[in-house]
């Protein structure tokens, strides 16, 4: 960071492919900016549908992040700190949603939490509760897709945290819960925050699992990405571009906010 | 790893939410397994469409990973080792695809590489090359979505690698390219491998950007996730489930293979 | 032949793999078709396989409006078949359609419910019941437009729980039992088989969608495209579509 | 005996098999080279690691007995631990650090803090309660770590290289202070170190661990005077030979014979200080009955003297004055005779 | 002078401002407490860090001169660096490590390897070429690191705590070997250490750095005999006072007066060894003209003696025999008189 490297010349063998890589990742966003209907921007951004979708997206992503924090931090702790048999398998399983196509995730969620699903069927028959097509389903889909980001970040932080502090706390008579709460958690807080931000951003962008499991209805389940998808299919590319830019703006702001506290260093 | 913790009792305050978290992530996969048409499994798996899609998926994911390695490792090096101005912004930008809805990514790719796009238009007018809806477009979409996984993993590895080795190499007269090739790269190889595996798995599961930018044409652009989506919409839920399980099996195998070499620890 | 797209990036899906015979069309024909045509068109290509052994038909099904967007973005396809004239008109306006589109089929809507009708749906009026789970197509896609006209005709204000981007999504929600009722094409309800029942809707005949088909300007394989178009508008297309429940144009 | 421990553990390449006993009020210094198993032994006693076999008993209570399935958890043992870098909880204030043990045992916040404040006063840290650990000097941090460990009234205090993190300048002062605090503590104390001076200063007794085994134990002066292994001999700066005595002489494995001042029989250790060695260019004719021809391997300044390393049938270190180096023309590779008076040699059973 | 460096750098809380000069074949030991800026100085000389201001010149070639915009990159300087943990490239064999510098300079693989093999032989490491660095002992690793640095024929050799990673047992042997190797090297050498013995053994000259400044320099024995700062005095185990002399006495800031054996004027340092201090229960009546009443702060075993720390107008460390401790009934808090003969006191300008 404050280290200054004297030799700043970058070898071309690295610079050329790096430039290509940056181009592939950054140009598409630049394309959106160039094509954006700057004149209609404010009218689109303040239209009822967009505002409703934005509000719904912010609320669901925030609730999903809350759920992911409550459930995901303990999962990360379990993976990093206990000698569970089959821990490697569990780690593989809980991180599958990172690489699973979200649409497939949505189908799987329907199989389990749908009205005729394994758990959903029981919920419906017993309590008359049906999850699909509700805002709760949006949150569940987002948790499914985004929580692994949090788990990975927090597990990384836990692994790099010095376990000897926990040993000391144990010799001082602390229960493992006290140790977790007063020693471990404060130590990995930066990792937890980084994970929560990533998780939030990912939940905000969630599309496939949401559309499959929660459907798409304005005000209830149609979040910003779904609104964008509808706009694309309806040929409303202006709206689609504006919505995309809105999401990119939110994501970039948040990722840059993370700065050096990024997953990689957590 | 080989450390044995004497106090294995897990506090309930952590165990209960952890169990809930694991349930949310793992139950949907269990649901797929329960609902799978075990009898028809082999006939579905060996059908022409599935085999074509599987082959296409394997080829494109592998090529995309190759591209991501060639371009992404230098980007990670740029982020970790140089004092580029605006490095935090660049890091934010290149990792946006991690959290961007892939469908939006697909739209952005169309805007730039489409036949009427910024770069694509020029390509088309000059060389008659049109990228969208080709196998190359599938690879490009996968690179866009999956390369950030590699970049994050490699940057993390570079940050934790001891830079003093590079200083020593410099005093011995090595150019920065020699240093990168003979000192830095071997040191971060585990991180590069972990990143490549993640990238490959993510590319294999890529759906949204592919369907938008490359369309869904059997043999050319219809990868496994697209095939699964078609099956879902065609009411062929048996095929959809089998395809989902196939992807999960591949992902889990790979993620478990990563074991302790996971991003978090890289 | 699954073309790897490496030899001709402009038209990977339509590259001719064999020399065309004097009369018989050959090579690959890429057809973009409305989701509701899925079953019928797949049956059609099975039957054409005998007639044109060298012709391979590749489909991409989806919401009509989305398909039009793809064509406008340069998708290398030969034939476009949509589920209403409005979406086809956009393609014509975009200058990607070669000649006049011709209507080859008409379709009506059905009120579909899961097998056993768990929601006890008896007519269109039930679509206003907020306690039922109801799926309707997005208004911008053909089946959604049709649904809107039908509901207007019946004077019903529906209370849908989800708006799907294509008709097949709505159909599969009913088939899975996740929706109590959906307005989908009669043909899609039939295609779902035993999983889906239909409830009689007297007003349904009043709303009919015309299905136009056209060869695209940039069709990589115009000869094959014309052959497929002819098969759709003539035999064996018309009888297959009729069996699936489509009305003749 | 208040702590009795028989520790058996296999971990990585370490095979630990050591018995330790510490009386109340006694401070035992655990000395040994890197990787000897010192820290491992402390972790076993603290209950952080489980034993493979053996027993740990503190004040008559069995803490560990794998054969019987007994394993008292860390938090239920009455042990206090202070390690090299103190590991003060960085996000808590000094006061919260000290109060942590009491809070963990359910003592109400106010009482815990009041008691912690008293401990800070006792440790000469009045007014430091609100600081963060990062704002303390090494010596202050050590006292906070000690207070944090002692406030829960442990019966066994485990100190793992408590001074290693300090630089040479502040170390003596902090060591003196630690000794003062340990003097007032009536539980059992084990201090791990690999600094011989530290072991001598802090320990009432020294136990030397090498490769997981206890190779020597006893009073500091005794261990320093009669090393039993090369490691200990090097540490205390003595020449150590091992041979078989019979009457007034002992034979080394190399065949060389060492004359002794007193009768001895059987396997013996033979120790003598480098300053007791006289070097001469020819076979000495004086009263020294031990004289061996050697080749000089190395010369090195050693305080005001020069330390000569010489190899031969009886390898020795000799400390001579710079004047002698010049007079004798000593240089690496040169031949020299080394002689030691039998009366300067200490002999004890091996 | 072959290396001339005037280093100015501000980095974090360090303000480095030091001039260094090393003659060909000379070994300069850079001594100083943690954080003094020793490693930073080496990094500047190696070209890893750029200077804020100043100049670095090696064999008449300017390597750094920010004012003129001159900065020769690390790889183009003729410097070799060896650090505490040697940093041998872990994925390369020992031979590849040694050959690395030549390969980087474009020497063909075979010739580079042949030359590297020769260096291994010269370093007594014949046959070790195929090992991985992880399979070497500390001393072997050091020799490989030296060979790797020396093979490119550097004009300036920078050693940053080259022995710190070794344990007490192997250290003397490796130190002796390092000295031997340095003896045969004709470039300029800078060795960083904070171990005084190391500085004395390895250095032809010692430079002491504190808080970024050179506070003392000179021959090892001179520095050891006449410390100029508390840090150096503590290191070499002397009492150091600072006062203003006039004739045969000097006044300390505390007001106390010290009698001197020779005339002196102006600000002076006053140094004496702890063994030169005599303690007595009452004001001594002997010939010692310096006698001060003090309070005992601490007693600590120190080799065969006991080191007494006593506070008062003239704080002193005294080394006395255990017998004296018993006879005088010395204990912390007790009153005692300390006396030092003027002839035992060394005085030199501050």
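Annotations for the structure displayed:
Think of it as A, B, C, D and E in the order they're written, each chain with its own count starting at 1.
Going forward, a contact is a pair of C-beta atoms (placed from the backbone, for glycine too) under 8 Å apart; a residue touches a chain by one contact, two chains touch by 3 or more.
Small disclaimer: the values here were computed from a predicted structure and weren't measured.
Superposition angle, chain D onto chain E, using Cα atoms only: 180 degrees, a multiple of 5 between 0 and 180.
Ranked by separation of Cα centres from chain D, the top chain is C. Just count the C-beta contacts per chain pair and the biggest one is A-B.
With centres set at the average Cα position, the gap from chain B to chain C is 33 Å. Mean C-alpha position of chain B lies 53 Å from that of chain E.
Centre-to-centre, using mean CA coordinates, chain C is 85 Å away from chain D. Across the assembly, chain E contributes residues 47-48, 73-75 that each touch 2 or more other chains.
Across the assembly, chain A contributes residues 4, 7, 170, 175, 229, 232, 237 that each touch 2 or more other chains. Chain C has residues 176 in contact with two or more other chains. Chain A meets chain D in the complex at residues 162, 164-165, 167-175, 178, 182-183, 186-187. Those residues of chain B whose C-beta lies close enough to touch chain A in the complex are 4-5, 7-11, 13-15, 17-18, 20-22, 24-32, 34-35, 68, 70-75, 77-78, 81-83, 88-105, 107-109, 111-113, 117-119, 140, 143-144, 147-148, 151-153, 155-157, 159-160, 170, 175-177, 180, 198, 201-202, 204-208, 212, 225, 228-229, 232, 237, 240-241, 243-244, 247-248, 251-256, 258-260, 262-266. The touching residues of chain D, when paired with chain E in their complex, are 33-34, 167-169, 172, 175-176, 179-180, 194-195, 200-201, 220, 231, 234-235, 298, 300-302, 309, 332.
Looking at the complex, you find that chain A touches chain C at residues 110, 114-116, 130, 132-133, 211, 214-218, 220-222, 229-230, 232-235, 237. Of all residues in chain D, those touching chain A in their complex are 43, 46-48, 73-77, 79-81, 83, 87, 89-92, 100-101, 103-105, 148-149, 152.
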